[in-house]
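Sharing a structure below in structure tokens format, with a few things to ask.
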Amino acid sequence: MDCEGHEYCGLMGIFGVPDAAVPVWLGLHALQHRGQESAGIVSSDGDKIRSRKGMGLLPQAVPSSELEKLPGHLAIGHVRYSTTGSSKPQNIQPLVVDYSEGLLAIAHNGNLVNARTLRDEYEAYGSIFQTSTDSEIIVHLLANPENVCRENSLGHCLNCVKGAYCFLFLRDDRIIAARDPQGLRPLCLGKLDEGYVVASESVAFDLIGANFLREVEPGEMVTISAEGVKSEIFAPKKDIKPAHCIFEHIYFARPDSSIFGENVHQVRHRLGRVLAEESMVPADVVVAIPDSGYSAALGYCQASGLPLDRGLIRNHYVGRTFLAPVQRQRVRAVSMKHNVVPAVVKDKRVILVDDSLIRGTTTKNLVGAIRAAGAKEVHLRISCPPNIYPCFYGIDFPTREELLAATHDIPQMEELLGVDTLRYISLSGMLSAVSLPAHHYCAACFTGKYPVKVIDKMGDKYSMDRSGEEDEDRDMLDLHGGGKKH
Amino acid sequence: MDCEGHEYCGLMGIFGVPDAAVPVWLGLHALQHRGQESAGIVSSDGDKIRSRKGMGLLPQAVPSSELEKLPGHLAIGHVRYSTTGSSKPQNIQPLVVDYSEGLLAIAHNGNLVNARTLRDEYEAYGSIFQTSTDSEIIVHLLANPENVCRENSLGHCLNCVKGAYCFLFLRDDRIIAARDPQGLRPLCLGKLDEGYVVASESVAFDLIGANFLREVEPGEMVTISAEGVKSEIFAPKKDIKPAHCIFEHIYFARPDSSIFGENVHQVRHRLGRVLAEESMVPADVVVAIPDSGYSAALGYCQASGLPLDRGLIRNHYVGRTFLAPVQRQRVRAVSMKHNVVPAVVKDKRVILVDDSLIRGTTTKNLVGAIRAAGAKEVHLRISCPPNIYPCFYGIDFPTREELLAATHDIPQMEELLGVDTLRYISLSGMLSAVSLPAHHYCAACFTGKYPVKVIDKMGDKYSMDRSGEEDEDRDMLDLHGGGKKH
Amino acid sequence: MDCEGHEYCGLMGIFGVPDAAVPVWLGLHALQHRGQESAGIVSSDGDKIRSRKGMGLLPQAVPSSELEKLPGHLAIGHVRYSTTGSSKPQNIQPLVVDYSEGLLAIAHNGNLVNARTLRDEYEAYGSIFQTSTDSEIIVHLLANPENVCRENSLGHCLNCVKGAYCFLFLRDDRIIAARDPQGLRPLCLGKLDEGYVVASESVAFDLIGANFLREVEPGEMVTISAEGVKSEIFAPKKDIKPAHCIFEHIYFARPDSSIFGENVHQVRHRLGRVLAEESMVPADVVVAIPDSGYSAALGYCQASGLPLDRGLIRNHYVGRTFLAPVQRQRVRAVSMKHNVVPAVVKDKRVILVDDSLIRGTTTKNLVGAIRAAGAKEVHLRISCPPNIYPCFYGIDFPTREELLAATHDIPQMEELLGVDTLRYISLSGMLSAVSLPAHHYCAACFTGKYPVKVIDKMGDKYSMDRSGEEDEDRDMLDLHGGGKKH
Amino acid sequence: MDCEGHEYCGLMGIFGVPDAAVPVWLGLHALQHRGQESAGIVSSDGDKIRSRKGMGLLPQAVPSSELEKLPGHLAIGHVRYSTTGSSKPQNIQPLVVDYSEGLLAIAHNGNLVNARTLRDEYEAYGSIFQTSTDSEIIVHLLANPENVCRENSLGHCLNCVKGAYCFLFLRDDRIIAARDPQGLRPLCLGKLDEGYVVASESVAFDLIGANFLREVEPGEMVTISAEGVKSEIFAPKKDIKPAHCIFEHIYFARPDSSIFGENVHQVRHRLGRVLAEESMVPADVVVAIPDSGYSAALGYCQASGLPLDRGLIRNHYVGRTFLAPVQRQRVRAVSMKHNVVPAVVKDKRVILVDDSLIRGTTTKNLVGAIRAAGAKEVHLRISCPPNIYPCFYGIDFPTREELLAATHDIPQMEELLGVDTLRYISLSGMLSAVSLPAHHYCAACFTGKYPVKVIDKMGDKYSMDRSGEEDEDRDMLDLHGGGKKH
């Protein structure tokens, strides 16, 4: 059983609204980009706790027809994308467990960096783990009789786990939301009618017509029950050092979300402007790699005065398709998802803008296609610095060998990608585009400076394989289309 | 989360045969009558442990196309029918867990009578339970560090649980089969080519061409590995007191199986003969309620000299059908499953034979239909004594209020069912039809004398409801047709 | 497109009952043995005609949840088993077509012997065929403008087609049932509340609580509309020569049905008695091949005085299973469906009774298993004469080379099957077991005397392959289990 | 059976490539925007013709795993979106029929305007129709014995049908592509390795790496067989009057396609420029309604000098979701598919650009949301003239009452939509943005001048309802998400 750590996830919780599972379900749609592999919802009517979970996109995992089987005025939901082989049904969140304090449901976004160490310790004391997720350790901490007796049991346990986490807990009568002392992942609080809503990104509020109140603070624990909202700072003051994941702004969050105090699209737009200022080159047209490079490309155009045009079109249907390996070779297209508009790039000097460059495979194909369509020059501009370090807090980068920038210098990449020039935004340029002070962000994937010490032994992929159960169903998941390319 | 205890189950395990999951899958077909609600198979290739599970009949739960994803020379499988609301995916067996000793898969048939007590104890020490099955406690016992260190850890843990159990354990390199000291449920050992097979009933051997060797003994633990078969009596000698569930012979096991030392059909045949001798009445024809009463009816005919005829026909297709409640009322038939052949019963004095009488609902309808078809008299003969006590060892009877014989005397039942006479076999008559001494059987459902003390607090339904997760998907299960009527 | 002719089918139609599709659906369950490959229902509310069809058993082809989409007080339904490669969705009945007279739905049971000839003729005149069924020709006849003008258009068209047919037609306001002048296939009329029911077998009436009125007569056409039931003999008097398919009694119909004026089980019981009288041999026990040989075995016992016992048990679950070819070889059992009870046959002289012997493959295996279990002698008794001729009227026998009795004499078969003796009932013996005069039955599969001249050019399989569309989905269908062995 | 006429469709055919069904399947992905309701592929290996069809998006309708069951070097495929109630399985194309000349498969894009008239005529002569599509009439014409004998049978039949059509025909050894004399719908010819490809839009070529050769000409018939490509002008010279559907350029075709001689995105870009020139207004930012208004918005920005920004974000996941009516009311979002980025529009004068305005419902919601986010002014600009006339050639507009511009004048619409100003491009402005002479386009939906006389009696919806079969499965289809809003 391999205990994978890198997971994209989205959280949604509601208290105090009739049939709370319905707006949770709706809100999870707005968070689907954070996890397309599995989904689950757990509700409570104050008495019974009920759950529905499944593999796939939300409508498949939890069909809307199932919602009537989730009655109650409180509910939490989770969408998940795990990136290793262990996409097992038993790993689907929210987890529901039974222990001395009764039933508890847990949903987690982020990645813990001492989960394996704690797990080994607990296993030595007789604990049994039924999932291969890092999230499960929190339950064992909570169930530890020493902790059960404590006055602030949950706060204590949260202080025991290290790394990135936003947790939603559901008991029969309340919801608790907690965020790590660094605030690595986003989590916000809103109001819906007489009730309250918690979600990973504010877009989930927009979809259900909830109002944004504020973010859950780093190191804060918010309990929502019949007695209203109770806030508590569980983390020692000295531990609270904001280190928001800047990659959420660059790539992961939706452009229409507000996280870490500001709108994502606008950050990307500013990144594009800085990028243009730092790496201007004479050109005729700016082309965004859709949809990821679009916001930055708009900023690039504004700063450079160059016109934007649609040199690449994205096919929104093919993402959902499964291609057997044998058929894959038949696709000679640039990619199943993108197509060039030759008339836009022909005889032009093209600035190609994207938000990041990870493996470079698709980008290379797109560059080739743009050249084949007659572009005179192709200049690739990336609105983040080179990704060269692993993330231990929940963003799934490939291994170091697969990270293009970790193994190639700029001239090598230019040659490999077939571009005339490749330029990244500078680290300081990037940090100038966000509103908080630079030290309030985690930029470890660019700098290698990790704000939280990694306790578990990790390679550049967080991986603690124990020879064990493995599921080879991965191909199936392609059906649901990665919403993201690289 | 309610911790249900009453479960029908079937077990199958194989060691030492290439692609062991395939014959396990085939063998589980022969055991499908022991559980139609969910099924699972876990295999090991000596290194990795893999599993496939699902709801429904075997071909739906584990499609044959999935078998190639379960490589390896050892595998165990489980079919299950849980009878309370908690037919949850996470309860599907075999369970696969991770603890200090590595991965372990467990399949269980039977019902433990101290599971709740132990669970409370373990929960108090911080253990977390993820299923609502009684089976999970054995894993917690095994993972207890005190037990991990013991020389005979598994034997010790088995001695801690009380009640009815056949367990199959799978580790990456071996299979272990264990049976409780009373031998309440059947478990037999066979040989297949160079390997070994363990199964709940011998019919599973027949389907794959394995040879029956012997039964696993009460209190015995059999380890099958590369070193061959190792037997061990784990139970203290004083605890080994055979008390085989006589209801397996009467109703539950397949007629072509051999359990507890003899063929089931022959036992039923003898029950029919004794029944005839005890309760002869002048009549014209003997009619069996198909298929359950068939064996006893043959015996009844032999002893009485009366001819057998097919007055009732069973439709093997309708069992699989789901009828929405609204449509159910449209069915005016005796039952969706049975139909009368009027010509057989018209103007006849009919002896109607069945193996048992639990709720009486269907039987009442059948009697009504036989009368409507013109039968002059209907005499109902049941080849077991009246069921008046609950079973705590794994047979799911309805609550006492629903047990017809617990709340009615014979004249009341005769009136209610509309029969001229109703006679059950006597207790001593029943015991005379089986080959072992009377005290080697558990007949608690008839006598109320329980061979194993029930430690958990139980009503007449084993039920330890903790307000919690509940699944209302029950209707769905009708799709797979109860193989059994009542 | 190959135009296959041999099909098992079941028909059900209702007029004058609210939501008629519901009892049609229920009734089709009772007819599921007549066709397990596809099913369909067409309803009318007097205005709109709606249909639902699909592959598989009824609950899969037309889920009960779909019935609300088939409103109206009249409906017809069809279950079908086609036996050649062309199990195509477009062939699923009832067919719904649009022509000058409006919409028409048609369901057909039987096989036409001049369909290909007429089809060639109509194609030459510009007609287009969209199915590869023989049934479609009747629509083209009806749509022919010459026929449209006729006073009794339908009667005329029915007289144009030759062979075996029961037709149900549905128009928006009425249902018409018609039966060929030989009455080759069964069709009966019943009463349900204020409405009327038509079905292939009377068991469909039993399931919905309808009352049997009478059979539709050979050459009769019954129109059921708001004006009640109107009967008409469409066939010229000279053509009406009853020739009921005796194989329906022997094998195909359900034992609890009444067809051709009498109960099927009782006919089979008499066949067993005659068989015993004709071919008695000293023996210890009679064993039926379940379930097909059961009725005859009862008769055999009665006449011979020998006891019946359950030497073979049928597993009702395995029929639904799909086994990939590679796995098929792993099954070493007698058959996936039958198992021997050794204790019943050991050291016994066994009379093995079945209703028919077609290919002999399964029977050979069963005999081998009975011998392996220790039987001293095995005497096979078949309650019909040897099948040596093809059926052109709707029973699907294999080709002549595969018909065991067509290519082997008795001693050869005895050797091949491994039995001590093999005896069939005599032709006259068989005919003495049914109630109508011998010349009222079609026994062509035994005698080669065909009551209706076969006009299309046919081999011993009705096959008019035109190189064309073909579906290779056949394996899938094994999932639904042939209800019948051979 | 209602014979619906308005259908979006996409066609793809390949000859001369091994396993031609695979690239046909891939190419259909690129055409998925032309039809999301059903799909089908028919292949031939020169001998047998095989087909696979189904409801839903391509991967669901024809899973990639099915492609191996479609062997052969020629294949045609079809994606379809029918817009009336009759989304019946039997209507899924390609149709495969059997007539005197053998098997024939047909796929059709467009809408015939004399289909009902011809159908009535043929029905009067005895023809039977099994679909409710206008496409079926061509088969009846071909099968007419008078036509069968003709030297150029197909050309003759094509001249009999009027309206918009691109046809692909497949026989066992060849593919024939034909386009109506007006060239209303696009159809292009390409080269793939040694073989040839025909597709509705050039994007299908890009996906499989085929090279664009040319468009099939209005009135041309192209036969592709072992003898290569044979071209023939089947239409009388006088009838060939190009009238390309300009709405394909405005709305329907993919921006990366080339149709009617030029790139679609570039046409839309020019439309945006003309629109800006015609209806400039002082403003701060241009916002496109994604994705439909994006190309025009880019042109608008270029001509106006105003900056483009992402004021609206589209959620690509929600389109696939099914919301039961009861839940629909819970969605308080602008729309499930779009979300506002408040920071972009706050305190701004916003130009909102879209390609068309049909019902106005969604647009109204979006305008409201932009205002709620603080926009000072909202000016709506539409890059086509007001849609006020029905289309009889295959574009599905709602009925006249639902067409906003048909029932409201500009001030009324401004009020209703809540915009400060609403401006459409002028007719002449639109025609100046395309490259061919104005009279080479059909702009009937704006002008009411129909290039082909409509022979069938039609309302403003082509509808020839004959009381009949109707399918209410429409909700299901929402699952697959309309790729288009309005």
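A, B, C and D are the chain letters, set down in written order, and residue numbers restart from 1 in every chain.
Please note the rule applied: contacts are C-beta pairs under 8 Å (C-beta built on N, C-alpha and C of every residue); 3 or more make two chains touch, one makes a residue touch a chain.
Computed from a predicted structure; not experimentally measured.
J.: Among the chains, which has its CA centre at the largest distance from subunit C's?
T.: Between subunit C and every other chain, the largest centroid distance is to A.
J.: Based only on mean CA positions, could you tell me how far subunit B sits from subunit D in angstrom?
T.: 59
J.: Quick one: subunit C and subunit D, Cα centre-to-centre, how many Å?
T.: So the centre of subunit C lies 47 Å away from the centre of subunit D.
J.: Distance-wise, how many Å sit between the C-alpha centres of subunit A and subunit D, to the nearest whole number?
T.: Inter-chain centre distance comes to 37 Å.
J.: By residue number and range, which residues of subunit C touch two or more other chains?
T.: Within subunit C, no residue contacts more than one other chain.
J.: Where do chains touch, given as pairs?
T.: Touch list across chains, by label: A-B, A-D, B-C, C-D.
J.: Per the contact definition, I'd like the list of subunit A residues that touch subunit B in the complex.
T.: Going by the criterion above, the answer is residues 1, 47-51, 53, 69, 89-90, 95-100, 102-103, 123-130, 132, 139-140, 143-148, 172, 466-472.
J.: Which subunit A residues qualify as touching subunit D in the complex?
T.: By the definition above, subunit A touches subunit D via 22-23, 26, 29-30, 32-33, 36, 57-59, 63-65, 67, 203, 206-209, 254-256, 263, 265-266, 269, 294-295, 298, 301-302, 307-310, 313, 315-318, 320-324, 327, 330-334, 336, 339-344, 479, 483.
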